[in-house]
Amino acid sequence: MEDTERGYYGQFGGMYITEILNVCIHDLIRHYKRARSDASFWNEYQSLMMSYSGRPTPLTYAQNLSEYLGGAQIYIKREDLNHTGAHKINNVMGQGLLTKRMGKKRVIAETGAGQHGVATATMAAKFGFECEIYMGEIDVKRQRPNVFWMEKLGAKVNVVKDGTKCLKDAINAAFRDWSFSMDTTHYVLGTACGPHPFPEMVAWFQSIVGMEARQQVVAETGKMPSRIFACVGGGSNSLGIFSGFFDATSVELVGVEAGGLGLESGKHAARLVSSEGKIGVAQGMKTVFVQDNEGQMHETHSISAGLDYIGVSPILAHLRETKRVRFEAATDAEVVEAVRLTIRKEGIIPALESAHAFAQAIKEAPKMKKDEIIVVNQSGRGDKDIFIIADALKDPEWEKFIIEKAEAYNAGK
Amino acid sequence: MLENNIKALLEHKKPLIMAHLVLGFPSFEENRKVVDEMVNAGVEVIELQIPFSESWDGPVILKANEEALKNGTTVSACFDFAQKIVKAYPDTIFLFMTYYNVLFAQGVEAFAKKAKAIGIQGTIVPDIPPEEGKEYIAACESAGISPIFLFTPTTPDERLKELCAYSKGIAYCVGRKGTTGIKTNADDSLIELIERYRRSIDLPIALGFGIQSKQDFDAIAPYIDIAVIGTKLLIVQQESGANGVGLFLKSLRQ
Amino acid sequence: MEDTERGYYGQFGGMYITEILNVCIHDLIRHYKRARSDASFWNEYQSLMMSYSGRPTPLTYAQNLSEYLGGAQIYIKREDLNHTGAHKINNVMGQGLLTKRMGKKRVIAETGAGQHGVATATMAAKFGFECEIYMGEIDVKRQRPNVFWMEKLGAKVNVVKDGTKCLKDAINAAFRDWSFSMDTTHYVLGTACGPHPFPEMVAWFQSIVGMEARQQVVAETGKMPSRIFACVGGGSNSLGIFSGFFDATSVELVGVEAGGLGLESGKHAARLVSSEGKIGVAQGMKTVFVQDNEGQMHETHSISAGLDYIGVSPILAHLRETKRVRFEAATDAEVVEAVRLTIRKEGIIPALESAHAFAQAIKEAPKMKKDEIIVVNQSGRGDKDIFIIADALKDPEWEKFIIEKAEAYNAGK
Amino acid sequence: MLENNIKALLEHKKPLIMAHLVLGFPSFEENRKVVDEMVNAGVEVIELQIPFSESWDGPVILKANEEALKNGTTVSACFDFAQKIVKAYPDTIFLFMTYYNVLFAQGVEAFAKKAKAIGIQGTIVPDIPPEEGKEYIAACESAGISPIFLFTPTTPDERLKELCAYSKGIAYCVGRKGTTGIKTNADDSLIELIERYRRSIDLPIALGFGIQSKQDFDAIAPYIDIAVIGTKLLIVQQESGANGVGLFLKSLRQ
């Protein structure tokens, strides 16, 4: 990592922000740096995560899945057991503490799947902050349960009708809000993207995952894993777990992108493994985006809203160049199959995002030796995805249930 | 070149008017009519915005960006159009406004050279602060066009001075926090802000502050060098066409 | 507890079973006793719960709620952070280990809300058991998401159309299955009810909650709590947390039943605090049931399916007589309000069941001293209840979402 | 009393037939017709089931329990009806079958006394094992009616003997695992089971095994003292009324 002043990782990163935000972001950097060099901040963070979110999350040995696949021994890092059901809370609570330090009273956030929105609204309720969430209109439609909870948590959900009406547009909208409100407001970016210091800061808060995982896997198995699998949306959960193993060069780190309907279909969200992923500058950072030759961003597609994003963390873009992380993609169909298998074999329901990591591990494990160890980062739980999983698995009873519910609502009015 | 041209104009008239449009919105034909009206209304500087899918502008300009892209507006078509229009109105100063990825995608140097070649005098790229813009600044310099940076109410005095070192021709000063399209009251605090800009900036000051009417214009005109009019023109255009844009612009100086 | 041979607690408990099950249940008792006197069993149980379910669950200080109410300091025991989202998994994993010891290969269970069914199906997937779940037709209708997950977990869900088509009928149906299948099958009863050894055994597995809570509250506050609040359905979560404090006589234990539409309305599930609760014998045990003068059981009502049950643990019936536990009831309306408040103040969504405990704590806390401590057992998380909470809070956007979903399904077919 | 009555009957006929009905299902009038048919068909023992909301019976009897309760059948109405019917058919042995809570709700002693008073000779209560039944056994004894316990295929020999110590008059033996209403094949293993019962039980053996037909009856008749017919009669009754019940019962001994 070359220029830590402006957050460069090789050629990627930086602070591509409008002048209006310059002071505000430098202010954030100052507070972040102070927090980072202050051991008591991390202690406070860690004990908050323990008492509020249930950290450390366990490392679960997936014995049945391992035996079924007949190769490497698979361990699952259980970020799904966090409060609010995903790793997103790690980042959010950390930024919450920082917001308190900065004396700000309002937080804003973008959200795609709604997980980060729920986590931010949760944090705001806990810290007593005012909270507004930006969410694309399409995401609002498909992720209504999360919208419902955000509102109950006291957040205002702003429906973003710009552009593709998805995550990237929600991010743009949040930056727009921030360029008015920076005096009172902290923008809680949800992944390791955006201008410096967000990528580094979010990765730092998520590094709690990797620290725990390394300690746990060694304690449990007496050795280091051969490979670690994590799904890659913006990059926060993967960087979180990978960071615990960067210095252990024998550990292969595998990031799994959303292959959607296939890399040839044009309907995917693979930035790092598809030819549509090109270096560019947007959303505050220089990194790899799914874009056309003139720099316009494409619509992406994934069965999992949380991976359905045009950009990727500049830190990961750099780690691809240095070859420290290998990148792969899993298709929607592979992901549904991975969900099915993991549920049946382990009684664990991975989020569709996390299931990308499972899908790749399931591909590779059988070819590995029985004494090799794999860690899969289960970034979230899948019960939030019931509307999508039920559709993917085409469950007729579920459809009947929804239709009957709708009839009751129609009759009630 | 830009700086000299602006200064020359300022000797005869103050403030100048800098008008904005989004290329390809609603169409290049309409753009051409609007430019014609602008020039006839006496506008000295025209800001041609090349649409970008990730614009950080306010809702009106954002929408225009989207519409333009939806209509299939490409960057190369914007260049073609700009080339013709610059040629057609040789006495008007034309600038490009866009986001950095548009430059980056074809190579910053290539972009600057092409812009220069077709007669564009400067570029406004809000998401490239000078600290990230070494390549950009160098490319502009070697091509001979002016990079125009933004000066904002949150920018401290010290930094205002620093930014001047990078900006050429115009200091594009923002009248209030937020994105484009929000009205600022032309009140004492705005005048104080302009005075603060003046103290640190030794370039002609272009102020964008959400001008809505002749009244706004008149209130602030004595204090600035260039009045930037953006969002309002898009609204007028959508309400009453290119002709309306011309009438509105003419009204300002009547 | 007098007659531990047959599981009597004062006059309550016993083994009111048909002769056909006699040997099977004595077999269970033998295995249970052996496991209980074998320290390695508990160690195995505890480490399974650690690595699979995320135990110990944290104790969260509810600072905002405490300050808002202005009285006692409220701490929340976070059973909602368990795998599958409730305390039910504690019991189920314990019985899973026992099933393995007994060499059985199939498990059956009743379920009301579906929580216990999901937990059992999860355990069965993890242990590789065949699994059938009995669930009343009405519960199947209102808890479709849980049915969906049980099926994906590989369980067969048998819809019970007998009687009131609810939990009690599912229990009867499970006993019917068991009286054919006992050679190969263990019946995983979901709460501290039924014939001996179930009440004692389930309470034992759930005692992990109380052990942790006591250690945590003392470590955190340096003293013992004044009161502990837990909701009472069958009684398992309340016995779980209470058992950690039985010997600490200064700690008042408060069990909260479902007051439904009010104790005078006839529409409630209050066994221990209503005049409709009378001693009787059914479902294998002598305890207090909501019944008429001729011994026929009534239909009960609660906004929370998990508390909507005619009987109650014989251990709790006894603890009412000895006055070691105080019982109260919270109405549906109070519960909805408690959910709303807890979400807003703490960013925590209690299950509707658990919200009964919150509702009572909210009533009592303001009258207590600021240096007193309350522990509320949050037995589960509320996001599973979205269909019911959205209805209770009358969320029009939710209704619109469901109606649109239904239209899409109708169009798709 | 029950034991002597049964033994006396067995001197003349073997096996006896014990027929079952659910009180209040579908109505007391229908019950009366069914009893009349049963007596006319030569049934020696009639088991009157008092319905209970938490019955553990198989689906057919369970459904009848529910229907009876839904029709408003109360326990006291069952007693009234039983009193009349016992008086009307003085040569038939009547038993009550129900679940323990029905006894418990009005007091076990009161229940036994009342049953005795109206001429009921014994009670079958499947959910009260003798270990829980001290009060029940004592109440039956002091009232002078016979508590009838169940003997099942899972009951070990030792326990079969123990259960005999509590059972009076009849050993109610179950032909297979499960609840009421499931057919058992009258095969060698069933005969072996009966032989096992015989070795440990010194009471007349009543066997319930899901009898469906004369063929079933004939196959097992030589081995047992009393054939219990339950579910099948309810099915016949629902298909072809009280009359059908009579015809079916008569067919068994033809």
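Just so it is clear, A, B, C and D label the chains in written order, and each chain counts residues from 1 on its own.
Simple rule for what comes next: contacts are C-beta pairs under 8 Å (C-beta built on N, C-alpha and C of every residue); 3 or more make two chains touch, one makes a residue touch a chain.
Everything numeric in this text was worked out from a predicted model, so none of it was measured.
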Given subunit A and subunit B, the chains that contact each of them: none
Lowest number of touching-chain links that must be crossed from subunit B to subunit D: 3
Furthest chain, CA centroid comparison against subunit D: B
Approximate Å spacing (C-alpha centroids) for the pair subunit B, subunit C: 66
Cα-centroid distance, subunit C relative to subunit D, in whole angstrom: 38
Distance between the centres, which are taken as Cα means, of subunit C and subunit A, whole angstrom: 33
Subunit D, residues touching no fewer than two other chains: none
Residues of subunit A engaged with two or more neighbouring chains: none
Overall pattern in which the protein chains touch one another (line/ring/star/complete/other): line
Every chain pair in contact, whichever chains are involved: A-B, A-C, C-D
Subunit B - residues contacting subunit A, complex: 52-56, 58-59, 62-63, 66, 69, 74-76, 99-102, 104-106, 126-129, 131-132, 149-156, 159, 163, 174, 177-179, 182
Subunit A residues within the subunit B interface of the complex: 6, 14-24, 162-163, 168, 172, 175-176, 179-182, 278-284, 286, 289, 291, 293-297
Complex interface listing, subunit C residues touching subunit A: 50-54, 57-61, 64, 78, 81-83, 85, 121-126, 128, 141, 144-145, 147-149, 151-154, 340, 343-349, 383-384, 386-387, 389-390, 393, 395, 397-399, 401-407, 409-410, 413
